[in-house]
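Some structures are shown below for you to check.
In the two complexes below, subunit A is the common chain; its partner is subunit B in one and subunit C in the other.
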Partner chain A sequence: MIPSRLWALAALVALAVVPWVLARHQLSLLTDLLIAGLFAMSLDLIMGYTGMVSFGHAAYFGLGAYASALVLLHFAQPVPVALLAGALLAGAVAVPVGWFSTRATGIYFAMLTLAFAQFLYTVAYKWRDLTGGSDGIAGVPKTALFWGGPSLTSPHAFYFVVATCVVVSLFVCLAVVRSPFGRALQAIRENERRFTSLGRDPRPFKLVVFVIAAAFAGLAGALFAPFRGFASPEVMFWVFSGQGLMMVIMGGIGTLVGPILGAMLFILIQEVLSSYTEHWMIFTGVVFVLIVIFLPGGLVGTARRLGARA
Partner chain B sequence: MTPLLETRELGRAFGALQAVAGVNLAVQPMELRAVIGPNGAGKTTLFHLISGLLAPTSGRVIFRGDDVTALAAPARCRRGISRTFQITSIFPELSVLENVRVAVQLKAGDNFRLLGGRSVLEASEQRARDSLRLLGLIDRADELASTLPHGDQRLLEIAMAVAQEPELLLLDEPTQGLSPEDTVATVGVIRQVARERKLTIILVEHDMDVVFDLADRISVLHFGQLIAEGTAAEVRANADVQKAYLGGLD
Partner chain C sequence: MANVLEQLLNALALAGLLFLVSAGLSLVFGILRVVNFAHGVFYMLGAYLGFTTVALSGWFWPALLVVPPVVGAIGALLESSTLRFIYRRPPIYQLLLTFGLALILEESIRVLYGPTAKGVDPPPLLQGAIDLGGVLYPRYRLFLVVLGCTVGVAVWLFLRKTRAGLVIRAVAQNSEMADCLGADVVRVRTLVFGAACALAGLGGVAAAPMTTAYLGMGIGVIVDAFVVVVIGGLGSIGGSMAGEEE
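Our next item is the complex of A and B:
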């Protein structure tokens, strides 16, 4: 079995080298894949590690996108300021939502997160003065990395900003799930009543991880807005939340890396097939079903199982 | 000597059903007390009331001289009351070691270390290994809890509670579902744990034979009420107890 450190090194090298061999539109697609990967990875924190299936995670991606778009468009701040704003807004909104939603568990938690997300979607849709309504906010600039720096208009420059964010986020999340806090989350996932009788109320743990997950989703959204040049209500719609769940399951729930790969697979299928047919979702559905039935644990879960056997 | 745990007129009603009524218990430090009674006598409800998973509808729970009636289950655990469940309650997809380690960590604190925290992990792992050694599960530390046979899962749950170094350990039918041989082994382990860790134990049992040679004192519940209390010999000779067990109410 190849040690995971070697895999990590290979992935880092690939991320650094690949942009120099890819065509412009391919690099743009890879950037898209990474942003979706960050979104799916953040969902895995609550879904895979804590057992909280949120059906409203897109809302935090959207909040990050809007915050980032507004900061870049109206205040012309450097990109990192916009990223921070996106993560902070998403995390801040997740505090009250999480406070209410974590009172429920299972399907009721899922429905509460969905309800709040659709509420936030409606706000984005209706608050024309701030969000541009259904048109969204267009013309979001890729500003500089720091005050007075050159703008990040070259695809390579922005790709490296995104890749760095995704890699750093992955390592932070890996550290979180291995920390005492992360271990407690996994115990909550396994048996909440046992957790309670062992001396702690699970709710504060759930609230904190919900906010962290939202902040990382917000970061993904904050990268999305300048990269695509717009923020619109669609990215907050429940369909995107549902796709997030599919990405996590396809890639491997509870692995962090898996959901990144799952998101990449998902978007790749969409990209490749949508140029041939508008019914690309049928194909995605088939792949999803095949993975769930034949590759339990998703791509990464299956690979680990095979690796452990070898 | 002041009792470690006292219940005063403790009661719990579910609608019209009085599951536990007016129970007065006094358990001394380092005592091994068994609570027995036929099915539906209110034993598990009494445990939930003592551990805080259920709030009583009447009466009080006094632990180490403090009234803990208003405290929820997590707070009572942190004060020194650890428990197991009648239906095995573990973290199935975590390793045996991690099951016990988390139990230690949750009680000890420092749970919101989001990054690093290696020292927290190592300290709790040490205590978890001690507990697994005591319960004879150390060789299975790295296995998934869900892959253990039923009897070992029952022991694992006890290991989790013991690792928390409680003052009062509540065991809810620890021999439930065990073969006669496993039952004997488990009773032996409980006796050893009580001695080595100097624990006060309250043990709920369905089966009278299990407790007669294990318990210092036995309390008998019947329809939610305490009908007898005393040593094994006293309880065995008690006419009310004989009627409760032999009267076709089981």
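Our next item is the complex of A and C:
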């Protein structure tokens, strides 16, 4: 079996080389895939490693997108400032939401996060002066990488910003789940009652990881706004949260890399099918249902199982 | 005073509809331990099938009788072909599987019926308004209040007073023990899922004359129904009746 470091190296090389051979719209699709992948990966942090299924993760993606759009549009700051703003706003809002939601577990946690996300969606929808209501914020510019630098309007330049963010985030998340803190999270996932009986309170851990995951989702949203040039309430809608969960399951829950691949598969199905039919959701739904029934570990989990058997 | 009465009746009419949906949701959670995200889509399916039945027969009443069993059968079929295989997994898989089913059903309805909303006329008997001591109130909404209450009582009696209800309650309390004592748990699950879908379908047919049948009505109702069910207590039918007074 090929060691995972070789896989990682191959993936990095591919990320660096592939954009130069792709056509313009393919590169744009790849950028899209990576942003969705970052979103799904952040969800895996709470879902796969802590066992908290959030049904409102899109809200933090949306908060990141709005923060980034407003910073870029009104203050004309470089892109990294907007990314930071997106991640910080999403993380900051996640503090009170997480504080309330982590009191509940299981289905109730999912429903609480869903309720908070619908609340945030409604705020984005109704606060016309700030968010533009249902029209959203259009014309978000791709500004420079640093003060006085050239603007990132070339697709390649922006692609590399996104790719760097995704790779760095992946390594940060891997470091988090391998740290003692990450081990504690997995202990909570395996048996919360035993964790408590060992003398630790699980709630601070849950709150911190919830905020971290929200911040990474915010980062993904903050990349999305300048990439697409807009931020709208749709990205905060709960259906998008559900799609994020689908991406995680399709790719492989609790693997971090898997959800990135799952997001790519999800968006690729959508992209390929939407050129044939507008009803691509039927097919995505069928593929998803089949994966849930027949490949419980998702793509990565199944590949690992086959690899271990070979 | 008249205004208060009108508001109260409005609340009860909506509560009647919401009860039909949330009772099924609660029933499924109680017996299958599954949060059924597809439940709202069965409500929507009921409304659209109601539209078809009314369009074909020209009558409203047959729709109320024919559609719920059809929706229930579709639900039971889906349960036995997908959900049945993954009960042993963590709950998230079941929730997400129903999410996938919801997407498939919703898009299928869009393919079959197109994007425009379908209106259904209430039956002649229930058209117009009725004078309730100075308040003119739409007859159809009053009918919804009655329907919700009737079905509520019927479900309660079924669960409390019949042998089948006893078995269902036993499975809800401890499915392994019920299995040991000879209850066919697999069949109970399928039938309960089908019955819950039939209730949602009935809600959909009944809603169609008031709200029309439109895409997205399932998503709208499911969030409300979750609120109802959580307020009233997941898994308890009585709770879902009380919770809808929000």
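In this text, the second predicted complex is superposed on the first by the 310 of 310 C-alpha atoms of A that agree within 3 Å, B and C clash if a C-alpha of one lies under 4 Å from a C-alpha of the other, contacts with A are read in each partner's own complex, and residues count from 1 in each chain.
The rule is short, and it goes like this: a contact is a pair of C-beta atoms (placed from the backbone, for glycine too) under 8 Å apart; a residue touches a chain by one contact, two chains touch by 3 or more.
These numbers come from a predicted model, not from an experiment.
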| query | Once the shared chain is lined up, is A:L174 touching subunit B (first), subunit C (second), both, or neither of them? | reply | neither
| Looking at the overlay, does A:V53 come into contact with subunit B only (first), subunit C only (second), both, or neither? | second
| said: Between subunit B and subunit C, whom does A:L88 touch in the aligned arrangement: first, second, both, or neither? | reply: neither
| request: Classify the contacts of A:G199 with the two partner chains as first (subunit B alone), second (subunit C alone), both, or neither. | output: first
| message | One more residue to check, A:I282. First (subunit B), second (subunit C), both or neither? | response | second
| message | So in the superposed three-chain picture, is A:V18 touching just subunit B, just subunit C, both, or none of them (first/second/both/neither)? | response | neither
| note | In the complex, subunit A touches subunit C at residues 47, 53, 106-108, 110-111, 114-115, 118, 238-239, 242, 245-246, 249, 279, 281-282, 284-286, 288-289, 292-293, 296
| subunit A residues within the subunit B interface of the complex | 172, 175-176, 179-184, 186-187, 190-191, 193-201, 204-205, 208, 212
| field | Touching residues on subunit C, where the partner in the complex is subunit A | value | 35, 37, 82, 85-86, 89, 91-93, 95-97, 99-104, 106-108, 110-111, 219, 223, 226-227, 230, 234
| message | Applying the document's contact rule, which stretches of subunit B touch subunit A when the two form their complex? | response | 51, 53, 72-74, 77-78, 82-83, 85, 89-94, 98, 101-103, 105-107, 110-117, 120-121, 124, 160, 164
